[in-house]
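Okay, so here's the structure we're looking at.
Letters A, B, C and D mark the chains as written, and numbering starts fresh at 1 in each.
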Amino acid sequence: MSIKVASNGYGVIGRRIADAVKAQPDMELVGIAKVSPDYKAKLAVEKGYKIFSADEKGLEKFRGNGIEPAGTSKDLIEKADIIIDSTPGNIGPSNKEVYADLGKKALFQGGEKHDLTGFSFVAQCNYGDAAGKQFTRVVSCNTTGLCRVLNALDQEFGVDRARVVIARRAADPDETTKGPIDAVSLDPVHLPSHHGPDVNTVMPHINISTMAIKIPTTHMHLHSAMIQLKDKTASSDRVIDTLNRTSRIMLVNSKSGIKSTGQVLDLGRELGRPRNDLFESIIWEDSVSIVESEVFFFMGVHQESIVIPENIDAIRAVMQTKSAKDSIHITNQILGIRK
Amino acid sequence: MSIKVASNGYGVIGRRIADAVKAQPDMELVGIAKVSPDYKAKLAVEKGYKIFSADEKGLEKFRGNGIEPAGTSKDLIEKADIIIDSTPGNIGPSNKEVYADLGKKALFQGGEKHDLTGFSFVAQCNYGDAAGKQFTRVVSCNTTGLCRVLNALDQEFGVDRARVVIARRAADPDETTKGPIDAVSLDPVHLPSHHGPDVNTVMPHINISTMAIKIPTTHMHLHSAMIQLKDKTASSDRVIDTLNRTSRIMLVNSKSGIKSTGQVLDLGRELGRPRNDLFESIIWEDSVSIVESEVFFFMGVHQESIVIPENIDAIRAVMQTKSAKDSIHITNQILGIRK
Amino acid sequence: MSIKVASNGYGVIGRRIADAVKAQPDMELVGIAKVSPDYKAKLAVEKGYKIFSADEKGLEKFRGNGIEPAGTSKDLIEKADIIIDSTPGNIGPSNKEVYADLGKKALFQGGEKHDLTGFSFVAQCNYGDAAGKQFTRVVSCNTTGLCRVLNALDQEFGVDRARVVIARRAADPDETTKGPIDAVSLDPVHLPSHHGPDVNTVMPHINISTMAIKIPTTHMHLHSAMIQLKDKTASSDRVIDTLNRTSRIMLVNSKSGIKSTGQVLDLGRELGRPRNDLFESIIWEDSVSIVESEVFFFMGVHQESIVIPENIDAIRAVMQTKSAKDSIHITNQILGIRK
Amino acid sequence: MSIKVASNGYGVIGRRIADAVKAQPDMELVGIAKVSPDYKAKLAVEKGYKIFSADEKGLEKFRGNGIEPAGTSKDLIEKADIIIDSTPGNIGPSNKEVYADLGKKALFQGGEKHDLTGFSFVAQCNYGDAAGKQFTRVVSCNTTGLCRVLNALDQEFGVDRARVVIARRAADPDETTKGPIDAVSLDPVHLPSHHGPDVNTVMPHINISTMAIKIPTTHMHLHSAMIQLKDKTASSDRVIDTLNRTSRIMLVNSKSGIKSTGQVLDLGRELGRPRNDLFESIIWEDSVSIVESEVFFFMGVHQESIVIPENIDAIRAVMQTKSAKDSIHITNQILGIRK
């Protein structure tokens, strides 16, 4: 029997989740909830998705734009076994109350605080711990990207201390009112940044400090990572080999012409991915180097899509329908993730 | 019997043409010629395309990167009925000699001069004139975008004089060494720009002057058009109606949230187009307005893909296998162009 | 006797006006009013400017940051003969009431509507009409840049119809939260834009239509102008000669390496201007060309500083202390404008 | 008696050096050598600088643009006691031979390799070692910025290990052909970057590793620094106090509104610096924090100007006319550096 999934929100994350859920053999997309009857709403209708307006007032707005909603978000929630909440950050807590009142399970995104659910999820790190949880938080794009790599390195070599500087894209491609244009914003100015502690919500034992800047790009976060390993015999070859064996990590190489995030974006296009999405942590193979058992590398994180496979896995983890290994395998296959 | 097509070049245009040819029911992609064994080459192999190295020297380069070429570009040319040449601008003339020596038909792109072929093509304007031509030039992205609209307006209202300012994207997404970063380049400084005369290679009777600037964007050219009509009774409603009836023009509206080229790019993603391509001239419906029988509007031109359907049609036009109407219809259907 | 001038506002315009007023031989800067005790406030103190907080509440905020205000903006207004209001757009109307109650003259900026004052000013166009006005609006940067040129061309050749496309810088260098980053915003989508009618508040008889787009730059607006002249014998040489003789127009040439707004910014630096300001309309001499008595050219407008000399002249025009010719001469000399 | 100084090169560095030399009480600018008769050449003439063309052929080019050169660069070199060479990177070695042949002292810039001179200079680190050297290299902007801080921290706390990620501005404001536009380039991909070893040319004992990315900005490099101190009792207050006492370090604070490099650029304007130059290493006071005796902070480096005071000091160091303390004091005072 299919898991009935609702996507509450149809923005950057919500619309990708809807498509991914729709494509899974063991899930049914019961509908999406959306605030605004914009071009995304119209194309959702064409895809055959049932649209629910966020509230009563919204019903008229949709009808005024030629879209007949199937009800309000509350109607949608009632139809679902589990809700994927990708509404803007500060609405999470009040949504949680609604889900609780209706006795529904829900996944929240990384914009919410860990305390909202008390449990933060990355498939390769703690799939099993999600079993039966009513509320789960799938961590943010940067935390997801980091956890995959840190987990792999920690299991193979032991991570002694991690230092990462994140150059964040300042806006998504369609967020055209956000800057900066020709400047670097310190975001936050106060150090270290919250990204380190956020990794610790998934992997509490990792000693990590992070800094983050905001730069005038739209396509990808870029991590400069310096990770001190416990295994003093670690070599760059062994690190590369470890990353090569790790699911949802894609190695790229400047020798094949990929020298910037611009070519990575283009790689997403050539791979034929929907919306050019890159669900993997992208690591430059020829950047991997070791200095005194500290590994240095560059990693790209596609902010719009990297958490999509994690959400799909979290659904199965919470519903206890598949093992970690099986879920990751199915999700990867359906989404076109090669390993 | 299928038309045997070779794609000489596998960059911005060449790889799109390869995919588009591959998808046509009446064409066969005999192979692609490419200079560099980069990530695009590797993914072309995965798609099953036969790769030919640009020259003898290149054979080793490809083999050194694990790709076995099927020969050199000369071998490829011999196998084809028609070659789509999308090599960089100044190689066109010497390539033409090679095609001529082998008695092959060829299409060149808008980076070449009109004089190279003596005939410049836009499907909706002069399909019939291509019949039997050995050498044809499919005009540039901006000229293609303009010709579609000018042709439609000219037939319905008569175009008295056209003035267009083109804000050109300075680089494609993967051209990461090109600027400017925080400046507007005048390109060219001398006025009017060459875009007006280039329109005249297709539509000689149109009185048009253009100006062009280069700005720090990567996704789309943006035209600000002011077109004086002969029909003094023209209204914005009638103009919109005309554009709505014209093939390969897509109307968008700020009311549905599309207020910048950023949302247009996103629309390409939501439409599920390969590489997010937008083959249509994108016109903002709510920008269309009339002042003293002069129509004003904004138009977006996706520089990477707008000429792809034109190339496909040009193949049939030159080979005389279909009528204009039939070819445009098939091409649109296969590429997902709605009208 | 000096004219006592207050600068209400100390942002982009206000701080430049304060410095410019301070430098005039016939004016006294009685102080500046400011909302926030930021780095600009601290450096204003170092320059010896008297700072007034916008309101009573602000007094404490300034003191908490080590700045002792000389009072509130109301105290400042009382000390002045004339107030230069450069507060954010929508505060103008309520400020006007305060000035009216205290019987003071005031200048407003182009962010306010023409109706607020009923009179809009550009020194070279209508200096004499300002005599004795209590409230005057100095028009926006783009309107100022256009009026100077249109006035010169109209007097020499007669302007039949003007068409201008303005590529607007999306943010000032220190406005680091504004975008777009890699997109062109249509601002406004509806056409023609308000810039044409705004020119008409100064020069009602000019037939002008404008379009405007917003692009990812910070240093300068760029106008693409197409101006139909009445004098059918006009040549580009004569146009250049006319612009050369017009005050506050600076001709630049790509032959000397100035091919983009980036080099214009750099020119401001080499000229040793305070804050690199360019008070002139910058016109590319070698872009000037004539097609059927229509003149085409590119013009740069430094959004931060072009209205500064206009404000200084408007003070004298309103106070009736100098003729237009004398005021423009003095202002130019003090600000380093060569003609 | 004045030191006769020639500036060979009049680009980003050369023109600033010319102005700075001109302003020193103990130096005489004997002239500048330049390749192109562009707008910078014309304004140099207006400043009264003697211009020498790079070679014989250039003489005509200058005359053709209305500039009478005082000779060729060889003539200039003969007139000088010391030459500041700021010609493009790869010309240094051949220039060195010319200087050697004429028995002249010369300073080279950080674009040259350390081996060219065998001695690399930062005033606060090794002023005394320059005494009498014929050839000295003033290190690059990023190395200069880092050495000032590392030297101060090393003397006060001992530096155990430094890790720095440098987000490099991709182009100067007038370099309008360079990108990337909407991407991060890994430059270099191979790690660690050369910046660490370059610090070691000045401070050989510092254990430092660096990574560098290139981003779409023009105004400033941004360093994310993580520096392990030997003194386990170090506090952020003591670090701030140390930086406050160090010459050519300017502390800024987000509380005064400086939250990005955009506001730092604006600060340069408000300070009234020529060309808005910021000769100091700019450190965000409220970013300074300590985790397990490792200090974290953000630092801005103005690529165009930070090496100017170092070049001026290097002249005196090499000519042995002043002590380090006296030279730094004079240079700071003349250039408006507060400490």
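The rule is short, and it goes like this: a residue touches a chain if its C-beta (ideal position, glycine included) is under 8 Å from a C-beta of that chain, and two chains touch if they have at least 3 such contacts.
Quantities reported herein were computed from a predicted structural model and do not represent experimental measurements.
Undergrad: So, comparing C-alpha centroids, which chain is the farthest one from chain B?
TA: So the farthest one, by centre of C-alpha atoms, is D.
Undergrad: Report which interface contains more C-beta contacts, comparing A-B against A-D.
TA: A-D
Undergrad: Just give me the whole-number Å value for how far the CA centre of chain A lies from that of chain B.
TA: Result: the chain centres lie 36 Å from each other.
Undergrad: If you average the CA atoms of chain A and of chain D, how many Å lie between those two points?
TA: 42
Undergrad: Could you list the positions in chain A whose residues touch two or more of the other chains?
TA: If we look for residues of chain A contacting two or more partner chains, we find 173, 175-176, 180-183, 185, 216-219, 259-260, 262, 265.
Undergrad: For chain D, which residues are in contact with chain A within the complex?
TA: Chain D reaches chain A through residues 163, 165, 167, 180, 182-187, 189-192, 209, 211, 213-220, 222, 224, 226, 254, 259-262, 265, 284, 286-289, 291, 294, 296-298.
Undergrad: Help me check something: in the complex, which residues belonging to chain C touch chain D?
TA: Touching chain D from chain C are residues 15, 36-40, 42-43, 65, 173-176, 181-182, 218-219, 252, 255-260, 262-263, 265-267, 269-272, 274-276.
Undergrad: Which part of chain B faces chain D closely enough to touch in the complex?
TA: My answer: residues 170-171, 173, 175-183, 185, 216-218.
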